[in-house]
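Both complexes below contain subunit A, partnered by subunit B and then by subunit C.
Here is the complex of A and B:
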């Protein structure tokens, strides 16, 4: 019906209708586009300026519970008869388990269940008997009290045969390095949905390369007038959710109920059903308040399976809460990376070739690539990317806020600045030439104005010891959508409204934006909507990862509310002596559009319902323009998410201390639903990016494999004293793709910060830091004032 | 190591605590921290434990009105000092101004650091109604927030600041 509907995942042959949608960037090129949409989708939503609730900063619905301590996190869940569980973990970075004897633990006072994971076999036997990192779970105990658990754990006897190991990326790449895996027992898929292509060769500890080869890079470099080539490295960052991973498992004859601190209730339910051979109907997963996730709480995890196993054995609820050390060593991390980037360009900046080689380590896991940011941010006909995963004897990495894109931008956004300098072109002007995105063009324009970019001086311009500089970097992220996402809206006979979905709120305000969308449709306030989420008894919720939650759950929320409203219109029509199609909802009333004086209370219409409540369930429709990629329940939209950030820094060249003074973050997320919640998300992304750039680093002792800063005092996080002034500007970028046209922002806000800071540091001191974190020692070494850390 | 419900076989003592204006008598092991006692036997789970060693501030409560990390104190060592937790900050129908300002400025994301953050901010405001941004930064320098609420916490405190009398 409509041009552009030929894609995979475009509308099928079910009934459709054509509607005009707002399309484009507010203030730049906002226009209308006609889309063919499924007949049961609601009509187009006007731009935010014409709406009452969407686009306004409604107060977070659960804020009161959070500031009074009433919110119930998983760590706060206590059930009658609940036991406490803890995990016994490997003390060795690599060892064969000769034997493991838990019989004394089982007899210890108060002990109710023991689960043993590492089943010893003959030497050279199955991999289940090999531990590959310090902190790998071996067994777990449940008892009446944590004190009893701790006593019992000490009675488990493990006979280790230590093996050679390697914990750092550079050493692990050497052919002589101790192998972490053999080809037979190496993991094939990546944990946590992190992208890691399957079926790649393994040589020593190096798996890959995963190759993307387009055009002819040799030709491209031959055609280049200038080239830049540099190496960039990033460290391991840990998620540091303030609420540790926690679970309360309650196995009963009639089914399993699990309270868990998770980013994906529906996914955990599937994992539990499969792991324990239960029907989905017998598994319930609840996550009411979640103290952060950032990618690390995407799956059930070994600790979760152990808790359920213990509960099944003991026939009692079991709670496992990881302590901070466990969080740091075995709860996921952002893999370390090393990459070499070579760019070729013509004098005018046109890219002729891009070549990327990367090696990264997700410890014993996979997924340490730098994503395809270098390939996609600035299109170039000739591109060659070769990415490798390197195994090390360290806890498995997993997705973390902008996985792959964060190290990807760290390299590419510095390389482009290096190219700009080589060409003698302003870094923003170069991006204007090589970045075709109209969204980022506008973001650069706004950010340049707000950040004082035009007062930017040449590198190292300040005469004194404190040198100031400004830098910018761009972000790129996939627009993820979960199709397996549904929402139910009920309007009761008294006019009260409930909204249900399994979706969880990890701190982004998911429940609040759902209430806003429903309130907009029904002509109510968000406070009038009771949102019930975080429970698999409700319609399927999407995960809170991949910045997909808002994009996935707000369209079904609006669609369900719209269907309920159509039912209410039918009830109201006879009372108003009007056609249902002539009615509208506004401020708690249903009225006649052409004669607003004729109206009744919404509750009056609801009271006529045949049953206690009028209800509708809706699921996420396909994007109206179709998808770029579709994989089962998930899809990627045709447009990207992005953002441009500008950092102003002050570098003390005597102490090496870098202070980020100000960050301007100009971001896009389709239609913004709640500007203040978005601002919170962006501030969080910037702060996590700054913390990554300057402070954070997991340190493993190469002689023991133990993490030496497995806590929150030596593992440094940015605090209030380091917080810069952050200005957040969000575009309205209408894409005419769903019932709300809203997308996520958490990850895009985290991707550009570190390279923007590095570019600013370069502008300040005239020396480029290509390895993270940018510590005072690294700055002083770069300035030649002290020997470098890696010097022999 | 973390929140504990010490069981009978590990030697318990009876402790009397003054919590949120009420006298509470509980049985704890000598090694039980105040944070554990609050969250366990006293059922006051608003106080959080995130590091259990004085590095994050999630467990911040007041002792006689001054903020302390309750994970760094033994319950048996509290004595007669008045303990105030996040549950004791608001009255039945009125939030503490800091709580209301946190709501208004969205100084809350996941909310796990929030009780500790609120307790630190409220103590500062009591002591120093004209606190400047740098005073706020210093007062919450021990309260880690991984979600990054610091800018909105500063905004909330800015809203409450009483300018000193001229």
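Here is the complex of A and C:
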């Protein structure tokens, strides 16, 4: 392939060739499978054991910069003449805005621009619009200093007419609850996609149901020998990225440049081009070091557009950095959910019917479902799912690490344990029966051994006040791929190597795995590769969400490197007096495969290049086996991702305190590229899941609508003291689907933790906690230890 | 965001006192905490937090760190004098304190987080403002900030007081105060002229009835100079326990300090049982102590004392869990003290 040659046309009319690929689970059924692949894709990659760089724990390329503080985050970007911006936000949970007068702010000292947001769909008349949650942006100011901005914000006069509001899910469901929206202005689509297709009915604050109806559940329950039915609830969790949302917008006559903390540079470019009527070519988005996103930085959002608007007005760069309170109230969150699950089964455990009803609230947004985990993890012919979104006067939810699947597993993985107990079957044995996945079967087997599952005792076996237990739960997640993913590899005449892509590294080590893949092809070390990413001037990069980054960007990185290597082989062939096809790259040299003594330095071949560097661009090919689903640039592979986690907990039944002592996480992600980075993702997923299970909760005051813990002190994140031992085991599960066969890990590692902990708590104390978080107060209440209040 | 302020440092306690034209509580009772006055700052953990949250905006801060020997520990004949400027970390690490007042060292070692303990001082810890989340929100001007309404009573009061909570339901935030009251410590206050007054900490932490805007009786032009600890006799045993949702960087849901004076035969001569995170001031569980005095302490006694400790509690809608929690913690801490253990360390 030549530079930039991205083969046109569908795969069917492109030339193909057949190749044998490793296929299956290492240690279980690893074999070969012949796949027909596009002719310009590189040959199959051997299993990790036969590779030099892939499958080994290369140190993060940015490790030193991160620990020494040299990394430059968006909050560190400063441009000459840069102004500071901040946002004025609603103090009321629901109010009609009669007017906003910003004229005094515009005259305030140091002020260079003021943007006032007016809702074009304002339903109540001329210049009125409605705010629907505390923290909703109303206006923004840019000035020479932050102090001047603060001064000016206080001079903006907002005339509010407060309206009744509702902040909790249960109250909002009632027909008498204050309506958050009218039928005309309620959002119709789905904020983050799970499930809420457009066109669903709205009754009061309830949008839905989105229905999945398969088989005949009534007959299924009639056929059941045993049934279980319970309700499960989850709280609102916030993303708590260490680096807040931040942007520096620089609007100039020749185009717009933004530095932004984002999970998707290409996506931000599209958003800005559309919002400001600019050609894509005039918008440049740069994201260097990023301090986490977890879904909250998937799109740019209002704050970013305000910064760009201010910059356009002021003709100067403008920086907006959200503070922690803004992060907590208006930067997205994991919606709260309530669900009722009813399972019917035969005596041997076979499921006869599954019925799911859910209500969730993403505040003023949509997307508060529990995903399709209950439907997919344990296939059952008779399934009825009805999911609802409930509007409340709270900041909009958005995707957060395993959106929908986290509450989905919270319900289903406890329900299956409840069913196992009712049937008198070991929870793992029941899953062996009803879960068809061979991958999870192996994960259960390994996890059971490592976690001490076989020493598991009946519930509440410890005699003293401190009771220990073990529990397990499973994870399921989509194997996402983004096809809008490309990479360029250049080898310069001196043999030095650069890799380019717009893809951003949100802290997961994306640049490092790209370097590993390129190094493997070129016979170099990862340190020898200079990776330049996070800039839309480079070939299009995929988003860092949906656990798809590695799956999307490493195949084109390998393909591009492989094409460059073929060019170098052609340059080297005459020098080595061999056929290009007979050459191989190893430890910085190009040699003849059958006669390794004959070799030259890679740089010697590169020096013969007609131009300064040899280069190739490649994009993500379709999965060789095709996709399960394909929607535009996004696709889902045929095999889903899984994982099984085992938690050991100790519960103090007198104080209600729960501590997770150990978690064994057995996960899969296709071909592991860098075990240490994967382990760190899994640890992060387990920690986030544990913190969600025991500590975190957004608390809104029902009388004022304000979040009472909009900080990181009363919003409780697990810390070092609460961190359990975490053992991570990663399967090699080859699927023969791409040039690297790598898939994602971040989300599946976060899905099973909370229900594993809940199942362990049940095993410890014999009482089940079906609502999150499992605080001391919740445990004491479940144990019946809180005296009723009518005494004094 | 923090407003501009002028920064000076004082070289002596009396110089600090004469510069301290106001105190935090006085300023915060004004609408937006803005004051032309000067306030002293020790570690700044609490003070700067309040300023960053937009609750307090003094024109001037007076730093105390340059005061010579402000953090000194003097072992007097049998007791001890602790300079108000000593950090929690230094207090926790001091071998003499660990030997003589082990529960105090342990409490200091377990408060807040390592980073905070390296900076936070004894004086600042005793004088920090409460953590009620309405009090700490610039959007809720409650009774304690000079407003007319308590938001906690009909709001979310899961972390609030279970005693003395009728008008304002804060809990006193200081871990050290819980132990120091149990030990019967005195505070020494110094004024601008260099004069000193000394009074029991428990009295110092009792503001005039009806004044909800402050948690102690510190006056402008006065600083907390030192804490005096009484001597420790042969039979004294002490322990301190706390439980929070998290073990660090969190506020306890409950803490208990117990000091027992045991006769050689084991009979209890005197007892102090103080509950922290329970009431607007360290709460002396008089009935619990009464159960112990005159008895040989065993599990049954401790259980009876624990029941007595909470019998007159008045929990709010969301904090009923504090009752079983305190009951367990009081019992365990009494047993830990009686058996010569420092704290009840089960599951922490």
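The rule is short, and it goes like this: the second predicted complex is superposed on the first by the 761 of 792 C-alpha atoms of A that agree within 3 Å, B and C clash if a C-alpha of one lies under 4 Å from a C-alpha of the other, contacts with A are read in each partner's own complex, and residues count from 1 in each chain.
Basically, contacts are C-beta pairs under 8 Å (C-beta built on N, C-alpha and C of every residue); 3 or more make two chains touch, one makes a residue touch a chain.
The shown structure was predicted, so the numbers you read here are calculated from the model rather than taken from an experiment.
Novice: With the two complexes superposed on chain A, say which partner A:150 touches: subunit B (first), subunit C (second), both, or neither.
Specialist: In the superposition, A:150 contacts both subunit B and subunit C.
Novice: In the overlay, answer first, second, both or neither for which of subunit B and subunit C A:294 touches.
Specialist: So A:294 only meets subunit B here.
Novice: Could you tell me if A:163 is touching subunit B, subunit C, both of them or neither one (first, second, both, neither)?
Specialist: Neither: A:163 stays clear of subunit B and subunit C.
Novice: Looking at the overlay, what does A:656 touch: subunit B (first), subunit C (second), both, or neither?
Specialist: A:656 sits against subunit C, while subunit B stays out of touch.
Novice: Considering only the touch criterion stated at the top, classify A:60 as touching first (subunit B), second (subunit C), both, or neither.
Specialist: first
Novice: Considering only the touch criterion stated at the top, classify A:600 as touching first (subunit B), second (subunit C), both, or neither.
Specialist: neither
Novice: Which partner does A:278 contact after superposing on A: first (subunit B), second (subunit C), both, neither?
Specialist: neither
Novice: Quick check on the superposed pair: does A:244 touch subunit B, subunit C, both, or neither? Answer first, second, both or neither.
Specialist: first
Novice: Once the two complexes are aligned on chain A, which partner has more residues of subunit A within touching range, subunit B or subunit C?
Specialist: Between subunit B and subunit C, B touches the greater number of residues in subunit A.
Novice: Do subunit B and subunit C land on any of the same subunit A residues, and which?
Specialist: After superposing on chain A, subunit A residues 146-147, 150, 713, 719-721 contact both subunit B and subunit C.
Novice: Can you list the residues on subunit C that touch subunit A in the complex?
Specialist: Subunit C reaches subunit A through residues 1, 3-4, 113, 131, 133-134, 137, 139-140, 151, 154-156, 158-159, 243, 245-250, 253-254, 312, 314-315, 317-321, 323-325, 327-329, 346-348.
Novice: For the complex, which residues does subunit B have touching subunit A?
Specialist: Interface residues on subunit B, with respect to subunit A: 1-7, 9-10, 29, 39, 44-56, 58, 85-87, 89-90, 95, 99, 102-104, 106, 108-115, 118, 136-138, 140-154.
Novice: Show me the residue ranges of subunit A that touch subunit C in the complex, using the header's touch definition.
Specialist: By the definition above, subunit A touches subunit C via 91, 134, 146-147, 150, 465-466, 650, 652, 654-657, 659, 694-695, 699, 701-704, 706, 708-709, 713-714, 716, 718-722, 775-777, 780-781, 785-787, 789, 792.
Novice: Across the complex, what residues on subunit A touch subunit B?
Specialist: Residues in contact with subunit B: 57, 59-60, 62-73, 75-76, 84, 109-110, 143-148, 150, 239-244, 289-292, 294, 321, 323-324, 506-509, 676-677, 679-681, 683-688, 711-713, 717, 719-721, 723, 726.
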